Structure formats: structure tokens, C-alpha cells
Amino acid sequence: MPRIDGRATDQLRPVRITPNFTRNANGSALIECGETRVICTASVEDKVPPFLRDTEQGWLTAEYGMLPGSSPSRISRRAGGRTQEIQRLVGRSMRAVVDLDRLGSRTIWLDCDVIQADGGTRTASITGAYVALSLAIARLQSAGELDNDPRRTSVAAISVGIVDGTVMLDLCYEEDSRADVDMNIVMTGDGRFIEVQGTAEAAPFSAAEMSQMTEMATVAIADLGKMQEEAIAAGLLKD
Amino acid sequence: MPRIDGRATDQLRPVRITPNFTRNANGSALIECGETRVICTASVEDKVPPFLRDTEQGWLTAEYGMLPGSSPSRISRRAGGRTQEIQRLVGRSMRAVVDLDRLGSRTIWLDCDVIQADGGTRTASITGAYVALSLAIARLQSAGELDNDPRRTSVAAISVGIVDGTVMLDLCYEEDSRADVDMNIVMTGDGRFIEVQGTAEAAPFSAAEMSQMTEMATVAIADLGKMQEEAIAAGLLKD
Amino acid sequence: MPRIDGRATDQLRPVRITPNFTRNANGSALIECGETRVICTASVEDKVPPFLRDTEQGWLTAEYGMLPGSSPSRISRRAGGRTQEIQRLVGRSMRAVVDLDRLGSRTIWLDCDVIQADGGTRTASITGAYVALSLAIARLQSAGELDNDPRRTSVAAISVGIVDGTVMLDLCYEEDSRADVDMNIVMTGDGRFIEVQGTAEAAPFSAAEMSQMTEMATVAIADLGKMQEEAIAAGLLKD
Amino acid sequence: MPRIDGRATDQLRPVRITPNFTRNANGSALIECGETRVICTASVEDKVPPFLRDTEQGWLTAEYGMLPGSSPSRISRRAGGRTQEIQRLVGRSMRAVVDLDRLGSRTIWLDCDVIQADGGTRTASITGAYVALSLAIARLQSAGELDNDPRRTSVAAISVGIVDGTVMLDLCYEEDSRADVDMNIVMTGDGRFIEVQGTAEAAPFSAAEMSQMTEMATVAIADLGKMQEEAIAAGLLKD
Amino acid sequence: MPRIDGRATDQLRPVRITPNFTRNANGSALIECGETRVICTASVEDKVPPFLRDTEQGWLTAEYGMLPGSSPSRISRRAGGRTQEIQRLVGRSMRAVVDLDRLGSRTIWLDCDVIQADGGTRTASITGAYVALSLAIARLQSAGELDNDPRRTSVAAISVGIVDGTVMLDLCYEEDSRADVDMNIVMTGDGRFIEVQGTAEAAPFSAAEMSQMTEMATVAIADLGKMQEEAIAAGLLKD
Amino acid sequence: MPRIDGRATDQLRPVRITPNFTRNANGSALIECGETRVICTASVEDKVPPFLRDTEQGWLTAEYGMLPGSSPSRISRRAGGRTQEIQRLVGRSMRAVVDLDRLGSRTIWLDCDVIQADGGTRTASITGAYVALSLAIARLQSAGELDNDPRRTSVAAISVGIVDGTVMLDLCYEEDSRADVDMNIVMTGDGRFIEVQGTAEAAPFSAAEMSQMTEMATVAIADLGKMQEEAIAAGLLKD
């Protein structure tokens, strides 16, 4: 059964990552996955939260927001439970690939702001935030403020689900709203899992379906990893 | 490698479910999983949230809390992001097994309050909430306020993780705090997944490890299902 | 005129105090007064609020909550004015019998969480909190963290009221909701007043009625004091 | 032992009540008790809170505030627990003397705002609020919006306490801050109790001391009742 | 066209400034402009906000409130956007005439509380706050806590607007609610502008009308400056 | 004296308006004024706020936000007083040019989100919001949901100030932070004032300086009006 936009079941929407999309943050990127568009920025602050004072460790934290006009029905600015759940996910995903002991006594804030929403905003946020983070880290190194690269590996994310009984990659909003199962997968550049979050919206799913979904996501995340690398390289070229 | 408390890697902690633990709620249960203890109550309210007005549909929602003294270091009553994430999970899990169209125009509130915490509070909450919910539904039926049983199947949950490189079932707090991977699995009584939430706290995990974890959880959840049935039957006997 | 449950006008409901009800807090007790049940915990924290910094003095503070399912109609978790009024009362009552100068530079948090409500929750909280507090203090002494006992005397509380023109002790919910006058009395173990809070819900009361109420409470509080002593002794036996 | 300001132990500070102090509220009064000054206003609103909809009953509610500059050390505008406790007391006291069934389907808001604080602000608020309320009710009657007077009796309040072992009436701030016992008493015009709130700040008090305090307050409240009547009459004369 | 109260278009309402209206704040004044009445207090606190720590500079900040009964329809105590806008204006106006470097390491809080509202409350607040501030500063100097006067000049404010096509000074509430244009002007004692805030509520205004409004305000503010001086002198006489 | 970026004192920064920047809102535009970039969206909702129910009138309201990474030092998402002041200004400015009686019983939300800040964000928001609003209105007309155009005229805004004694147009951040006077002017397309907000940050300003500022702004706003028209026309071409 063909998809709404004619894609194959295991095909990503067109991805475009624009590094240095804004200039005031230490690192930034606009990530576009089909019609979903997210501005990701990394802002460096020379202090750490209270629980890390008197340690050598740094901190990474994330915030996520949707511009009110990003969605067909306007979204309130008041952050609810969904917002908190997503920003905790983005923060954990970034911390999983960075050695906080080597970050120095500073905080990096990763802000992911959705300017247009069409499904997959949380996974696009993770993929884009890694680019913004990498640009900020590279600039700290260039400026001599960081001796070595605290990143252990890269991280990217994608959604996968079951729609009308078929396993499909990278659901757009319309597919997502009809999906029986919705799964978000965060993986490292070398193919291991950081987060797996699968929810049966309507019909519970079997172990076989779960395997099929994770395999499809694994291939896609490897592809996203290459796009991230290119965007980071392009972003640093202009420095 | 033996576990802290001598259990086998695939062994549950002792589980005890006390139905009708409190008498003011429509259904209630105390669930004890090792040293973790959670009071679960189901309260029926004869109205629905605004977005369901003028429909025939009912609603199920959950709240989760930890008593301040439930943990070795006192916990503030102010609900943070973790609390919201858990209560959304409990609510989704219950809604996944109940046909809201057959619930009538009412709301069932499921409250899970941890009185003693030793790991696995969110999965114990789900397992216990299902008992409280079932008791409340059975009483609505007995009272003639509900024609038929809106439950489609049962639901229970368990944690599984990787500690010191070994996959283990039902982590207690000390194991959980050392775990490389922490996974919570919510399944139906007939062995299908409702939620899978796996997080690599330290080291990312492979596809093979993921399979091992989900298989171990599947067996345990079937066992929990039997205990839930017994508790519900015992609770209704006294009515 | 006989009471709903057949008690004499000056008779307490059955009281049961279970020390060490939970194990993570430094001291804990479950207090049951008829169908009213409250979990009381005492948690010790090794710091004091800002206004006591740079002094030698310690601090005692209380919080009070009702589990949502503790009442026939579900109670919201959002603390309102009544909650604050009660927790201020519990805190003042505990501070009245403890010499804060001899507590050391630490805070003891007393948490009173109602799991089943049937009238008299604030007075049960005070009576139970004193047991949790005493257990925590005794353990600080045993552990050598406290030289001497900072308690000056004991404290307990009871409600008394006027229902259908008759003065009655220890009102249950149904009596309380019909009462013309509702009075809460907090006294020391040696029979002096710490707090007297009397409210005419419907009909104002005379000076003679006030005397009758305070006398009835005085006798009951002496009885509660003995039960507290026994519970504290039993709780420490198991250490 | 003479008092700071030379008063006898059972003597009120000079009281002045200025009716119609502001003109936009339906009733208003400035009450001055020594250096304590409170603006009391009664505002009538033609609707009732949700829990009274579809009844014939009216509602009375109170709010209390202190202007930031009313106290020697500036007070934050953020209402804390003390504020809520006081405004609940003022509201209950007013409702105790008004027949809400005869108030019509409207709400009367009583606002007590302290512009200068020197002890006894809550009792002055009650005494003054009754004047503002009475003026508003009289005007509703004059305007033909209310058939008969819903007031059953009058209400006033005073503080009494034990300072340096002596029972004293109407404590000013300096006395209050040194008091062993602080008691607020709210009574009707015909000498019955509406509220008794006694707190041992330092030393618990005996039954004999309690009697002495309530007797002293009874006399003073009768005097305040006369001043209220005069102020109400004077306020209506100018209409 | 004559005005509601018979004033000329360029005439102020009767102004009365009562210095030392309350005694607990370091400086205070009641300002009455027609029926508008505002209590202004200046409270000195011996610390500065975090962003000024480790500097020699002091700070001035303002808060603004309306007593609930100050307006014909009762006003909620919850501060909204309008309140914040006004208190930021009052704060900026005061800081514009005070040399914060010469204020010492302290904060002066200016509180403006409207007890009766009839238009022009924000401009009355500025004019009155300057009197309270000046009294507080003079007392700091008298007490030897301040070497020299940190005020550079005086400040006062007035409203002006266009009603029914006519430019008018000092609008009362009824005029204000019909006005096409509403302008608030804050000026120094020597005739220069600190703030100009003009809003076309209904019909946009021309450059010629703007000139006419600023000229009318300039004359009025000079008059207010004289009244401020007299009030400050009278207030200090009694010290 | 030449400006930082070489502009003449009365010269605008390069302005670019991209209509239809996002597609989910009913109207949208990205406005760039030099390095300042703001996304403006207009979202139509088919209901009105409570105070307009049972009338035929529609409503326009605005919200303003800065993305955390939009500024060199990261900005918190928590909206403070400045945010509220700006969004009230944007809302008033839009309402001043739209006939709410002809808007129908609907609300248009105007959201202005700064993605890069370099001075003049509030004036850019107004200029851009008018474009988003016009696109949304035109589409309501095309869709037959609105009979006629409720806009009476156009609206745009610009900042002007005094820097180092010289009056200058359209201050960038660096100029703004050194400015003695900062003025924001909102005008209609036909050259009349809607809002004038001038603040003396350091040195008060004279009447002559005020005239010079308003004249410079008048010319610039006429230019912005032409760019708005072109952007609206281009945006509608693609429909």
C-alpha cells in the first residue's frame, strides 16, 4: 500500500540540515524533515547547576518548544507534560554521547524550537541538536577553551510505527495520527540503542513487529549520521 | 553472578497485592514488590473532561506521587517532570486495555502513591492500578451502573535492565542506580506490548540485548497477571 | 442520645499506632483513629533554612497531605488554604515541645499523609507525628549524633464539638459535618494547652460549653499520651 | 506591671472607625486600633461561586493583605500561608452572622488591607469588615435590592495574651512578639463565641489562664460592638 | 465644551499631598488628584539584587497595586500585565533622577497602592513616589547613612489626552474611558522628558496634536513640582 | 559621526520580508531588519474571549517571545514583565487598524517569535505581524468566510533614539545599549501616530529633540509601508 506522499515504507522524508542558521548562539542548525522544521541552538554558559558545584564536571541540558503558529491549530506557550517529556528525552540523548567530565565546568543549553510541525518533531530535535552541539564544541576547541573533544560518538533519532497494519519509517503527522503503534528510536552513530520508546496507541504489538521496527530504524539512523557529519563540516568551513 | 538479595537474574521480588486497602475509593489495592510499596486507588467521577463533552465516551486518567518520607532522602511534594512522565505512562497503559466507549460518561481517576520506594515504582503502579481499576469497574457493574465490562484484556508492567553486563529482571533501587540500561515494559495479559521504554544510562545496548530483555519481561508479566486475577477475585469476595 | 457508632459522648474511637510503618524515613508511624488513617514520617536533613544559618539552632517543619483517594469524593493534589493551615498547626505543635537549640544544626521534616479520611485528620496527624518525631530523635541519639533529648514534654491532640446540642469527643466525619461547633485541642503530656481552635460552624457557643469541651479533651489527651509512649517503646525495641 | 504605652492590662488601645473611607466600594471603613490601621471594603458582585449556582443562596468571602510599606521591614506582595489563614478566618466570622439564604444570589467580597501594622491586624480586620459589610447591606436595602436584613447579629474580635506571666488585652506588636501565649477571639454582639484561637508560642497555658483570657476579651468585644454601631449609623447618615 | 467637572481643558484636578501618611516605611505620602488616591511608601533595605552584588551601586525598584475595593467593579489581587507595565514605568522614572552610584549598597522599594481610582493612577503614583523617596533619602542623610543627596533633579507626571476631538489635561476615569488618545508624560523638574507614552485608543493622532499635548503637560508638571517641594518640606519639619 | 555599520543617521537597516515563511498558520512572514529576525504568524480561531461572547465582535491578540538562543546570552523561556509589555503593545497596534466589528466572531492570534535579536525586535514584530495578519484576512475573504476587509489602514513601527547626542533611526543592539534616549513609534500608513513610547535611559530629552525623532520616524514608516504591501502581494500570488 503506497504512502500518502508516495514514499516506500522504509524511506525517509527529504532531510535538509542548515548549519549556522542563527548567529548569536554558539552553535545552531535548522533541520527540515519533510515539512517538519526545527531550529536547534547550543548556548554555552560558564556555570553549572548547584548539584555539580565543587566538581570538575560539566552539564548538558535541553529545552523544547513549539512556536504557537507551528501547528494548524495554535499551540499555547504554556509547557505541558508532553513538552517536559520531550526535553528530558533530548537532554538524556545528548548526555549519553558526551563525556561530562571532559566538558569543563560549564553548561551547554540545547534549545529545540519547532517552527513548523508535521510529525517527528522530537526525533528531528535530537538529530539537529547533535549538529548544534558539535558546532559549539568545535568552537570551544578552536578558541582554546576545551582541550579535547568530549563527544564519544554521534547520536541521531527517527520514528517508526505501524499504520494500517504495515510497519513504516518516519511518520508524517497524518500517518502518526492514524498509527496503531508509534515508536521513537535514538541510536549512536555505531548502531547501538540509547532510547527505545514504543507506545501502542490502539492495538498492542507483537515481538516480531518490534524487531521489524528496530531494524528499519537502524538503517535510517546510519543515513542520518552521514548528513549530520556533512552539516557539521559545512558549518565549520565558514568560521 | 549472584544478585544483592540472592535472586536469580530472571526472578521477581516477592509480590503481595492487598485489595481494598482503603475503603473510600471505589477500588483500591496496596501492591508490594520487595520493599517497594504503592497505594493504588480508583475514584469514579460522574463527569468527563471538556474535550469529551457531548460524546458518549468515558475517560481514564492517572496521577502518581511519592510521599515525602518514601525515600531515604526526603522528596519534595512539588511534582516535577519525572512525575508527569510517569503519570502519563500509567494513564496511557490503562486506556490501552479499556474501551472508553463502553465506560459511560464518567471519569475514572487512578492514583498511585508510593509510600516506600525501592526501585520499580512506576511498574508496580501500573500493575496495582489495574487491580484498583478492575475492582471499581466490577462494582459499577454490580450496582447496575455499567452494562458490560469495558476491559478488553489485562495489563501489567515490569522493569528489566543491564547491570554489570548482565540482563536482570525487576531491579531494586541499588541495582537500578548502577544499571547501564533501564527498561520498563508494559504488556497485556495475552503477551503483546503496550509500552517499551528503554534508556541507556551509561552504555548503549545492542539489538541482541534488547531481545533478551523483552523475553525475560514477557515471562514475568504473565506471572504478574495471575497474581492480579487472584487479588481482584479476593477483593470482590468481601463485597 | 446515642452516637452513630454507639460510643459514649466522651469516648475515643479505637486508636491503633503502628511504629516503623515505613522504613526509609528516620522515624515513621501509621496512626488509625477509627476509620481515619494517617502515615506520619520524620525525615532528618543536615541543613537548616536560610533564616537560621549561622546559628546553632535546628528546625522542625511539617507538611500535610491527603491522598486523592482518601476521601469519598476524590481530592485534588493541589494544596489549598486548608492544607496550609493544617501544616502550620502541626509544625507549631511540634516546635512547642522541642528545644530547637538542642536539636543541632539540622531540620526535621514531619510529613503527615492521610490515606483514609473519616474526620479528625489534623489531630491524628499531630498525635502520630509526635511518635515519628520521637523515633527519629531516639535514633539520632543512638547513633551518637545528638547528645541529649531535645524534647521537653510530649504532645497529642483531639477534636471535640457540639452536635445536636450535645458536647462530644472525637467527631467522625458524619458527626463533624453536622456539628454546630468544631474544636481542635493540642495539649502537652502534662495537661497544659498548646493550641485551642474552636469554630462555630452554625451556632455560636457559650463560655460554659467551652469549659465542657476543654475538660473532655483534657482527659482524652492523657489517654493518647499513654498510647504514644507504648508505640515509641515498641518501635525502638526492634532497632 | 505597667504596659509599654501605660495602658491597664484590660484596656483597649484607642479605637477610631471612619465609615465611607473610600467611595467606590459599596461599603468601606478605615479602622484604627492604636497604630494599627486597616482599610476594609465590601464590594457586591451579582454572581455566586460555581458551587452555589442553581441555588438561591448568596456568598460572603474575604481577602486580607498588607501593603508592602505597612511594616518596618517591607512585606512581599506574594500571599503566604499566614495570609490565607487570616482571610479564611475573616470570611468564616462574617458568614457566621449572616444568613446566606437571605442575601440573594450575589457575592459580597470583604477586603481588609493593612496600611499600618502594629499588632492585632486580623482582629481589627474583623471588627472593621463588619462595619463595611453592614454599610453595603444597608445600601442594598435602600436601593430595594434586598428585602430584609440578612444579618443575625453583629461580630467583632480582639486579641488577648500572656506577656511576662500577665494576661493582657489587645497586644501591640512589641507585646505580641514577646508573648508566651497569643489568643484571638471572635464573638457575637450578644457575647457568644464564634472563634477561639489560642497558641502557646513559648510556654503552654493552663485552664485557669484560658478562662481569664476569654473573660477579658468578652468585656472588650462588647465595647467594640458599640463603636461599630455608631460608625455604621454615622456612615449611613451621609447617604 | 465644558468638562464633566467644570474644569478648563488645561486645568489640573485639585491635588493634595499628605507626607508621612504611614509611619513604618522610611518615607510615605498620600497623594490625592481629584478622587484618585494613592498611598506611596519608600522602604529601605540594606541589600541589593544579585546583579549588583560586588558593586558599589544601589538600586531603586517600584511595585504598584490597586486595592480590590478601589474601583467600582472589584479588582483581583492577581497582578496582570497592566500592573507590571505600570510598575516598570514608575521604577524607570525614579531611577532616571537618582544617581545609583551615590545611593550606597542598598535598595529602595517604592510601593504605590491605589486606594481609590478615578483615572491617572500611574501618573499620581510617580508624583507621589518622588515625595516618599525624597523623604526617605533625607532621613538617610540625617541619620548619617548617606553622605550626599543622590537625586539629580525632581520628577513628576501627568496624563493628557484627546476627548471628543479636544486636547485635555489630567483625565478623570469617565473622560479616560471616552478618550481617543491617552498620553502619559513624565518630566523632570527642569522641563525635560523622561517618558512619553501616547496611545491612540480609537483614532490615530497627528503631529500637531502631539505637540499640543506635550505643551499642556509641560506647564502642569511644573506646577506639580512646586507641590512636591512643599510636601517634602512639610514632611521633614515634623521629624 | 558615522554609525557602526556605516549607515546615515536617518537610514534603515536592510529590510527583507518573506511572506508564507511557515505554512500551518493562516498567515505568516519572516521579517529581517539587519541582523534582527522575527517569525510572525497569524492563527485564526473560531471563538472569542469570554468578555465578547454574545456580541458580534471579533478579537485580535498578540504574543511575543524570544527563542532562548536568539541572544548572545541565553534567554529564559519564562516570560517576564518586558515580554508582557511588548505583547500588549503589538496587540494594541493591530487592534488600532482593524475594525473588530467586521472581523466576525473569531480571534486572530498574532505570534511574534524572535529567532535572532539585534535591536528593534518589538518594532520589527509590529511591521511583520501586520503582513501575517493581512495574509490571514485575505485568505478568510477568498474562502468566503469574511465579506469585506476589516482593515482600516496599515500599521508599521520603527525605533529612533539619541546616541552620543545625535538623533538616529533604527538602532541596532550596540547602539541601543549606548543610547541616552530610546523611542518606539507606531504609525498608520497615512502618517498618523498610534503609539509613541519614548524613554530617557540616561539623559532626559528636550521638546526639540522629540520633534526631530518623530519626523525621522515618519519618513521611515512610510518606506516600510511600501515593503509591507509588496510582501503581502507576493504572498497572495502563490495561493
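Every chain is named by a letter (A, B, C, D, E and F) in the order it is written, and numbering of its residues begins at 1.
Just so it is clear, contacts are C-beta pairs under 8 Å (C-beta built on N, C-alpha and C of every residue); 3 or more make two chains touch, one makes a residue touch a chain.
Owing to the predicted nature of the structure, the values given are computational and were not obtained by experimental measurement.
Asks: In this assembly, which chains make contact with chain B and also with chain D?
Replies: Both-contact set = C.
Asks: Please compute the C-alpha centroid of chain A, do the same for chain B, then give the distance between them in whole Å.
Replies: Distance between chain centres, rounded to whole Å: 29 Å.
Asks: Report, in whole Å, the distance between the mean C-alpha point of chain C and the mean C-alpha point of chain E.
Replies: Centre separation, chain C to chain E: 51 Å.
Asks: Calculate how many whole Å lie between the centre of chain D and the centre of chain E, each centre taken as the average of the chain's C-alpha atoms.
Replies: 32
Asks: How are the chains arranged in terms of who touches whom: line, ring, star, complete or other?
Replies: Ring.
Asks: Starting from chain C and stepping next to chain D, give every chain of the ring in the order they occur.
Replies: C, D, E, F, A, B
Asks: Within the complex, which stretch of chain D touches chain C?
Replies: Within the complex, chain D contacts chain C at residues 81-82, 84-85, 87-88, 92, 96, 183, 187-188, 192-200, 204-207, 210-211, 214-215, 218.
Asks: Can you list the residues on chain D that touch chain E in the complex?
Replies: Touch residues, chain D against chain E: 22-25, 28, 35, 37, 39, 41-43, 45, 63, 65, 67-74, 77, 79, 109, 111, 113, 115-117.
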